[in-house]
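Here is the structure we will look at.
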Amino acid sequence: MQTHIEIEKKPDVQNPLLVVGLTGIGNVGRTAVSYLIDQLEASKFAELYSPHFPHITILNENDEMQLLNNEFYFYKNPDGDDVIFMTGHTQSVSPEGHYEIVETVLNTLADYNIKEIITIGGFGAGEIVEEPSVYGIVSNAEIQKRYENTDMSFDHSVGEVIGASGLFIGIGKRHGIDGLCILGETPGFLLSDPKATEEVLKNVESILNIDIDYENVNEKIQELEKVLNKIQKLQGDLMQGQGQQQGEKDLTYIG
Amino acid sequence: MQTHIEIEKKPDVQNPLLVVGLTGIGNVGRTAVSYLIDQLEASKFAELYSPHFPHITILNENDEMQLLNNEFYFYKNPDGDDVIFMTGHTQSVSPEGHYEIVETVLNTLADYNIKEIITIGGFGAGEIVEEPSVYGIVSNAEIQKRYENTDMSFDHSVGEVIGASGLFIGIGKRHGIDGLCILGETPGFLLSDPKATEEVLKNVESILNIDIDYENVNEKIQELEKVLNKIQKLQGDLMQGQGQQQGEKDLTYIG
Amino acid sequence: MQTHIEIEKKPDVQNPLLVVGLTGIGNVGRTAVSYLIDQLEASKFAELYSPHFPHITILNENDEMQLLNNEFYFYKNPDGDDVIFMTGHTQSVSPEGHYEIVETVLNTLADYNIKEIITIGGFGAGEIVEEPSVYGIVSNAEIQKRYENTDMSFDHSVGEVIGASGLFIGIGKRHGIDGLCILGETPGFLLSDPKATEEVLKNVESILNIDIDYENVNEKIQELEKVLNKIQKLQGDLMQGQGQQQGEKDLTYIG
Amino acid sequence: MQTHIEIEKKPDVQNPLLVVGLTGIGNVGRTAVSYLIDQLEASKFAELYSPHFPHITILNENDEMQLLNNEFYFYKNPDGDDVIFMTGHTQSVSPEGHYEIVETVLNTLADYNIKEIITIGGFGAGEIVEEPSVYGIVSNAEIQKRYENTDMSFDHSVGEVIGASGLFIGIGKRHGIDGLCILGETPGFLLSDPKATEEVLKNVESILNIDIDYENVNEKIQELEKVLNKIQKLQGDLMQGQGQQQGEKDLTYIG
């Protein structure tokens, strides 16, 4: 199996933004993009599979077994740029896989003329923060002015990014696509963080010119936590090379 | 060397089930499928070799040196679906290898029109269980009713699977093949578990519509333990990066 | 993404020397070559990207996000051999990647008929040294006499080299290109070492027949340290498999 | 760079035996084959390079820098089978590389119709042994009788082999070539073991129908130890992920 995208239907979009929110620190990207998909009732149109994902299968919402994957949704935006959303269960287990997955996405979506890439992630403050900041990093200095009216800080106290949130901007730049990375401040030791997610969403709301109802953020994130918790636990075990992990009372592990 | 299957003879089967039991927690899959092959006098027809297996060689039953491999057997079933069995010494050492091996099997066996994939594994209870439960997970909700008359629990207290038992179902689904994963409850700290194996076999007996004599389960599993023990020990050492392991009294290790 | 070199413009050189200084112990190679590029106002003409680099992005001097890379500069030398310089943020994360990157560089630069490869690195003394020695190792015994007038010691107390500094010489030799590895003595526990860098530069100055002003060495290295520190810290974390690293006060880590 | 063999001249052999002795526990294989090459004045005809070797370069006997490699020698035997010897600095760093290297050797040497493969290794007793045993393992039971007149034990107390000594026999068998693995008992904690090497050599002497002078075994092995020591130490460091190792007084480490 090579990293590949299975397209179920052609997305009805014109020069869309690509908005990426994957798993990571505080899972800010994953929860924010999941909430956006839910709020905007975006349509799923493709799935990405990769041999660089952990060799784990999980149950989907219908209790059916499935491979870990990343998913793509589109939103035909009446008031702004069309959007393709990317989210999913996991990121690559190797550096080489990270580069391959981002390249595969950009090559496959090249047909739709991505206008700009926006990635969402978290950065770890190491402690509980009452009012999480949101930082922006751009691929080219001149596009920063597009975001003057947002609450994002561009003071560059954040200097580097690990994983897909950064690679999408860096590799996108080599493909000639502008990019913005939005990072919400989060303690780093929490599985999810509704407060950071909400702060990030406010900025995305303004950029996409959409309306978000924040009433269900906590509830939706709690639902997501079940899946996040399972995968994170298993990946942690795999990374420690524990292929013959002993089970626990809740029957989490299987050989 | 690429992952490849060496087919010794064409299996005489029509739309067979593929029943997979590899090494893993409690080695439930490996022991169950080995016992089935023995009981049904299934015919070996192919071997799979992969560079993603550990770089170990072992002695076969004739004290001849051989590569680690997986093996394929077929059973022409007079009373139900024909069956192809897959079992073997080991699984892949890397996530990428896991995906590659499953893909290679499904692509190679595509000629025989696999009707359904059934994988057998264990899940770790973390403690000795007097009466091991058997859990079933399906690839599609609608096929669950096929197994209504078995003892399997479909209560989904098992949420995720590591390794080939899950990947065969998940990747099989991408190939349009239905799948069932059968998991026997086992402590997790035992090398093999005749009780869990027997509970699993009862369900497989019903699904395949065959007759199994359970008298020799303990004895057969004890025979298998010799091989299981050797490989598990060596793999454990390799995973800890101990390429220059010191030997033991029983001359187990060789540089 | 494969390892590849993006050439921005054709370098105006004839039979150049290839002078390589990458990250490594004491970062002697990286700081020495960066200083040379600065002093000689060498022209950047190409960038190398590789999936074997860590999956990290950083901010460039304009606070724009970019992939980690290696860079190539050329210098049209009026008083000696023309030079192509190679430096960069990082080296490969895997042995296989190391070999691939060196091969890619030599194959790509084959058009320019590299005359000789000179790599610069450090070796760890394990303690502060007042007057750092500089050692030379050659690819072929007969070329050692070319360096008789330098201060380098060829007493071969250094017996082996890890990483690109050695591989460029070893692989270059397979391509029929002579090579010299210059190693500056450095404690090993310092991020950079102006004294070792300066001692190395004196030898390169003589070989290239150029004039170097040493006044700004300390200052320039301090500037570089900011970038070196960030990347080294992140790489250290990645190598320990800490994908969900907790952040620090200075917001260094991002998920 | 792919794993490849650079053939310097065509070996003058007919249906040769391939005798392989690489680094490993007690380095019994490496020292035995090096001694044979020396005693028989075998002619070097090829070198193997691989990106799966550690990314290390070392000094050769002329103090010239070179890549780690494996080497091939041939011996035109007036009194028995012609021989191709394979020895070298190192083995693969990954399981995949192990399989690839063995395959590359067998494919490249296929032109010379290898008659049989003999690999030499050590097995760890875990303690000093006064009179080291020598064990033999064959690829096919029927060839064991060829070795009835040797001192080797075929009692199969050795059950499995890690690395090239075993893979050459296992993969050779898939290529239709018979094989014998000879293992000398060694404590396991020694870098080299003249006693085990000598016991192994006596058996090889008989198989090849050659005359070996054992007077210089100790001396020759001491010479080899210098190289063995360097590489083993560096590989150990690399396997612990210590890319920025601090140096020691003898200037062993270089960044």
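Going in written order, the chains are labelled A, B, C and D, and every chain counts its residues from 1.
Note that contacts are C-beta pairs under 8 Å (C-beta built on N, C-alpha and C of every residue); 3 or more make two chains touch, one makes a residue touch a chain.
This structure is a prediction, so every number in the text was calculated from the model and none was measured.
J.: In this assembly, which chains make contact with chain A and also with chain B?
T.: Both chain A and chain B are touched by no common chain, going by the contact rule given at the top.
J.: Do chain B and chain D face each other with the same patch, meaning over half of the contact numbers show up on both, or with different patches?
T.: Because under half of the interface numbers appear in both copies, chain D and chain B meet with different residues.
J.: Starting from the Cα centroid of chain D, hunt down the chain whose centroid lies farthest away.
T.: That would be chain A.
J.: Averaging over Cα atoms per chain, report the distance between chain B and chain C in Å.
T.: 50
J.: Express in whole angstrom the distance between the two chain centres, defined as the mean CA positions of chain C and chain D.
T.: Each chain reduced to its C-alpha mean, chain C and chain D end up 35 Å apart.
J.: Touching two or more other chains, which residues of chain D qualify?
T.: In chain D, no residue touches at least two other chains, as defined above.
J.: Of all possible chain pairs, which ones touch?
T.: Listed by label, chains in contact pair as A-B, A-C, B-D, C-D.
J.: Where on chain A is chain B touching in the complex?
T.: Per the stated touch rule, the residues are 1, 6, 49, 51-59, 62-67, 93-94, 97, 230-231, 234, 237-238, 241, 243-255.
J.: If we count contacts the way the header does, which residues on chain C are in touch with chain D in the complex?
T.: Contacts found on chain C: 24-26, 28, 92, 95-96, 98-100, 102-103, 121-126, 135, 137-141, 154, 156-167, 169-171, 173-174, 179, 181, 183, 185, 187-189, 232, 235, 239-240.
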